């Protein structure tokens, strides 16, 4: 392993939560502006987490402490792996494991709202799984390797080969960033029928950990956009900002849909664009 | 299989419910198998106070049956006393009551639209609806002195007159409000995703609505032409009132009824302002009520009935309130069965529950 | 999707938000904010106490004390209406919140002095 | 003097049979326990020794005078057919009757009119693949038998009304072990067919152990489906014999080395069908789900870790041949489709054994898909899947069986808070479930390997898409089970019944095996699989490929380390803090987990998982799946008869 | 000001109010008053809340609910009684089903008068509550 | 507005409800009110603008037949009257068993020895 990779991982571990928190702050301010409000200060997400960190230690089941820690650590670990140009498939598996821990934390509370949140989070993991595997497969077909490193050093940006996968990626990003219309398991606002869904039984430090993990996750998924525009830093940056703005706008112009509609719409998109893209790529014999 | 059921206590404290009501939701996957409501969290026993407050002061208590429909409650109560005592209130007072009644319908429907949007996870629409509502509340406050509890009705008329100059300025402000409401209702009625969420959800057939006792927009959404305003009390007889009726019977239809009623209310207010008669706003009241009276009027949520029984003293002998929400509970129970958990909040909200009213 | 136009409009307009509490809000004429008592005008007629729907006002005629519990007052203004001596007034400003230690009943000593009945000039 | 390998082989073949006879004779529990214990130790020892030998260098032994063995096995085969025939007549089942008659006739024709090829034939071969199977049968199989010692005691305590026939039960279990060893060690297809039929019989009798109407119904369903497999196997032998060639195609080694694959498509297609039935692939999956009425050790032994593996063993064995034909592609499609359909079906099940059954079928489907593709990478993935699946699934079955006896239910909904109520079993269950689908455990590595194999295979993108959606389903049903175990309990703890020592022992050893296999997977690949693959594809070199890339291994290690750290943290970490009641919309819960609901009735605040019955229920999915897979099988047979080859 | 008072999350419960105060609390969230400027979020979930906003006087059924929710809020927490009903029982004080203000069940830190409470008054009350929250947090830290 | 109230026998309530229902009337309200002796329960039905009231006089503690079979929505009124006045209705379509409106005093509107409704003694808020 290159020393540069280790530096990259460490940088990611430190910078991602800071950037993620700032982006969340931007998100909240922008959302407020879309709603004709002034909105909170930019640093509000940090205040929130700091406050949560100092709250009383209270839980509905002590195992949630370890589960939320595991969630945070594994998400950070996946991010670090991504930052080192590591194996994309492994990043995804590690993310799935991390989410399993979040789901277990919700299950362990044995409260109906947390439980349904857990089931819905599980559904969203299920929705996400195919497109992630297809994404990895697409990268493999383009570069002959699952390593993000190879994707990054491509001469031609990946989006040329994987436009369909990119579309699906943007669609599922809404789910991943817990935005309307697909914020079925929990959301950043007061979530209606499920109270707070998967995080509803977490409080204090556990919730703070989940919050930080969300920042990491957001950075992981946003930085995956890089893979589609590798080699063009300006273009990548523009793409990331545009996608992020698009997500905020989508959040504001859609009501929440039911989980059934979520599964159907996202899987139809996955089947049409994702699988279609991979099949075309496969028929053309890949790029290698 | 009974082993696969989840029992969810929905409420009394729940973010979707500004007021406490409890539902025992039994769900399988997310399909609601049974939903039985339980109320009584807001019951204060306000009706028992009639024998310790003079009937004139009780108006302020009747007004506090509910903070949203407060104006209609106070005017219905006054109307009841006036009915018992055979008082004819001045025309201007009747027109002003009509105006305020419609304003309170506007504010209530906008409030409901906001909460409804919120229950569907549509935050920005919620903010939009409540932003418009603030301008309605401003009108209310400017004319009555209270934002949500107006305290302006009085046995024999109203407590405050509104200057004609103010009324003429109101028309322009209504134009702006109407424009904003057009944008708002356009989203509610035409947005693809919202339609997806609403059309065909919580269908209440016309017959069920009629015999289960649905009232107000809930009944009108199922194609029933039921509106107490058609009887022409206050100034409604003069403004050529026609109820808004939708045939769908689903959540979308109930939402559409309320959206269209917004514009209807604006129209009524305009008519009332232009035709506002001059004169006193108050007739002095002498004596004490005696006898029985059913006072009915149309709240934003439907028909409200105040039953009053006087015994010739300053205090009434009996006061009973039957509110639209109470009679909308049986239809709610029938439309909740078999729905999706995600639709429970919006179905509960489509009857526009006002628990404060319901339980007094 | 229909919402897009609306949110775009919001985005390019200044927010509707007030600057309260940095600058106090302007209330409308006639807003019922809180009750003000003028001890110098009260004749201890007790009408306000009798007609208060929430029994926030007590008048002790003998001790010449008028008290108001702000945490019971519903700001209906009925007392203002029934007071024939203009001793009560509704101010537009809202009533302030209180912690348990700050909370109490406002007590006023009635300073009204019954004016000397003017000599009946007409009697002559 | 016989070579030690031969002695080991003979021990493996004969000791279980002898033990079976003895177990059938002696009634006292003590004698049975001692006997079974000793036999198990011998079998484990012999299988480990044999596997070790085989891994150093493939073992290939030729015996003289094999005719009498053949004769003996032929008699056994006739016996099997007759038993099934007799029972079919007794219970008036037409379909099994017809099929067993056909099978009997075919065997007789084969024996007496078969064109006997040249007899220069190796008797026993132990390659890397068979060594893996030997280890699975030897270690996991015997552990399950040991477990059964304690289990059957509880079983009869719980199942009042089921006649106690433990002698019969254990005799069959050990007989089955013998048959399985034969199946993987013999080199003669005729002999393998015989072992194949014996396993069918054992499975049939053990499913019907309780003799309840449901059990008998399912037993007969199992037998007729497996008979179809047997008939196809026999037909495959027929067609092999009809090929005019100097080499004896009944010898597996010779068959694998046969250069003209295009001549083999018909027998290959029949072998594929035989493998599909044994491995309970769609449309034959119902026999396996029905077989779950049997006592749990039977499910564990026959229907998850060994017998059904016989089906895929056969397919993996012939994978190099499949890889060149369209039969292989369609076989792979059936497997992949089965993976998708049964993973989805598993979502709708709440019966733990049924979930395990469907998951078994799904994983066998994945193995079948790999075998059908048959490239070196695919075979590697297939073998990895066989190993990891066998250990993890056996562990899960044993846990479910023990838990069922402790809490009186095998419904996943009743397993909430198991971690508090039955810590040991639940921990083992968690290990088993994690082993089935989570990183960095074995099954996930295998899936990864499969993914890489698919990516380079013809029509690979189809498989990728199927795998992508299939694993999504997999995640769903495993995680919700896992979640149930971690729930906080407000119910009274289970009765304190001590776990039988044999059950405890087996479960713990199995749990250690799961973790051991996961930690040792690089060793398994380099030590077992690569040598085997090099026997088939001499130039195959894994090198720095994908999951076996050094960095990835480091990452996997790091991840395992993080997990270990977290587990330690869970045990040592501070638990100080206030426990707050679960949020129930403001409703208070009393000590029994109930709250006052509407109508003044106290209700239990209970939660259940999602089963998505309207999408993934058996009623919805089974029939379309049968149609699709049936069409695929027909297409496969047609392609076999047409002899279409892949020309890439 | 530490983080505690920069990010107060509200939990609102209607004990037995007439709705007037409840809708004004919601109105305080909306664009014109926008309490999110102070980092205030209406969480609706006791486990996340810092400030417990109660409206309405307490009746028979609500006693248990109020206590239950109060217990589920992790420390430091502040209870704000909004409206005169929550403060003293208000106009309904004499009704047979009302047993008084919120302070008969749980300790109240700030009382906000009004019938119904105006959003400005509510904001003022919450700002006052933030001071109390800050004190409580300091006390909690000191205890450690 | 029609304020004419027809008096009927308590036993006929179900019959009347049945007639009303088949005549296309809807149930508007059921009101219970104390009379000089016992209580009156008034049933109000309406069809378009035709409002009709039927009144039964009942003594304290009487069991009254429910009209739930004709009007599914009647249970709200019946449960309420049960909880506030202490009457029992037979055959309600949804019986809350006295938990529809949970009051701190049982049957607060039931006549007591002293005619005033019972009122809980309110502790004076601390001054």
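Every chain is named by a letter (A, B, C, D, E and F) in the order it is written, and numbering of its residues begins at 1.
Here is the rule we go by: contacts are C-beta pairs under 8 Å (C-beta built on N, C-alpha and C of every residue); 3 or more make two chains touch, one makes a residue touch a chain.
The structure presented is a predicted model; accordingly, all values stated were derived computationally and were not measured.
Novice: From chain E, how many touching-chain steps at minimum until you land on chain F?
Specialist: Steps on the shortest route: 1.
Novice: Which chains, taken as a pair, are joined by the highest number of C-beta contacts?
Specialist: Per-pair contact counts point to A-D as the maximum.
Novice: Quick one: point me to the chain whose Cα centre is farthest from that of chain F.
Specialist: D
Novice: Determine the chain that sits nearest the middle of the structure, using the mean of its CA atoms as its centre.
Specialist: Central chain: A.
Novice: What chain lies farthest away from chain E once each centre is taken as the mean of the Cα atoms?
Specialist: The chain farthest from chain E, judged by C-alpha centres, is D.
Novice: Taking each chain's centre as its mean C-alpha position, how far apart are chain B and chain C in Å?
Specialist: For chain B versus chain C, the centre distance works out to 29 Å.
Novice: List the centre-to-centre spacing of chain D and chain E in whole Å, with centres computed as mean CA coordinates.
Specialist: 60
Novice: What is the distance in Å between the mean C-alpha positions of chain B and chain D?
Specialist: That gives a centre separation of 65 Å.
Novice: Hey, how far is the Cα centre of chain C from the one of chain E, in Å?
Specialist: Spacing between the chain centres: roughly 24 Å.
Novice: Give me the residues of chain A that touch two or more other chains.
Specialist: 32, 34-39, 56-58, 60, 112-113, 115-116, 189-190, 195, 200-201, 203, 252-254
Novice: Give the residues of chain D touching no fewer than two other chains, as numbers and ranges.
Specialist: Expected reply: 578, 580-581, 583-584, 586-587, 598-599, 605, 607, 609-610.
Novice: What are the residues of chain B that contact at least two other chains?
Specialist: Counting only residues that touch two or more other chains, chain B contributes 6-7, 9, 12-16, 20, 30, 36, 38, 40, 43, 45, 48, 60-61, 64, 122, 124-125, 127-128, 131, 134, 149, 191, 193, 359.
Novice: Show me the residue ranges of chain C that touch chain A in the complex, using the header's touch definition.
Specialist: Against chain A, chain C makes touches at 1-4, 7, 10-11, 13, 15-17.
Novice: Which residues of chain B touch chain D in the complex?
Specialist: Those in contact with chain D are residues 1, 3-7, 9-14, 20, 22-24, 28-30, 36-38.
Novice: So in the complex, which bits of chain E are touching chain A?
Specialist: Answer in residue numbers: 2-4, 6-7, 30-31, 34, 36-39, 41-45, 47-48, 50, 74-76, 137, 140-141.
Novice: For chain E, which residues are in contact with chain D within the complex?
Specialist: On the chain E side, the touching residues are 13, 45-47, 64-65, 67-69, 71-72, 74.
Novice: Please output the residues of chain B touching chain F within their complex, sorted ascending.
Specialist: 36, 38-40, 43, 45, 47-48, 51, 83, 210-213, 231, 292-294, 296, 303, 305, 307, 309, 317-318, 320, 322, 326-327, 329-331, 333-334, 359
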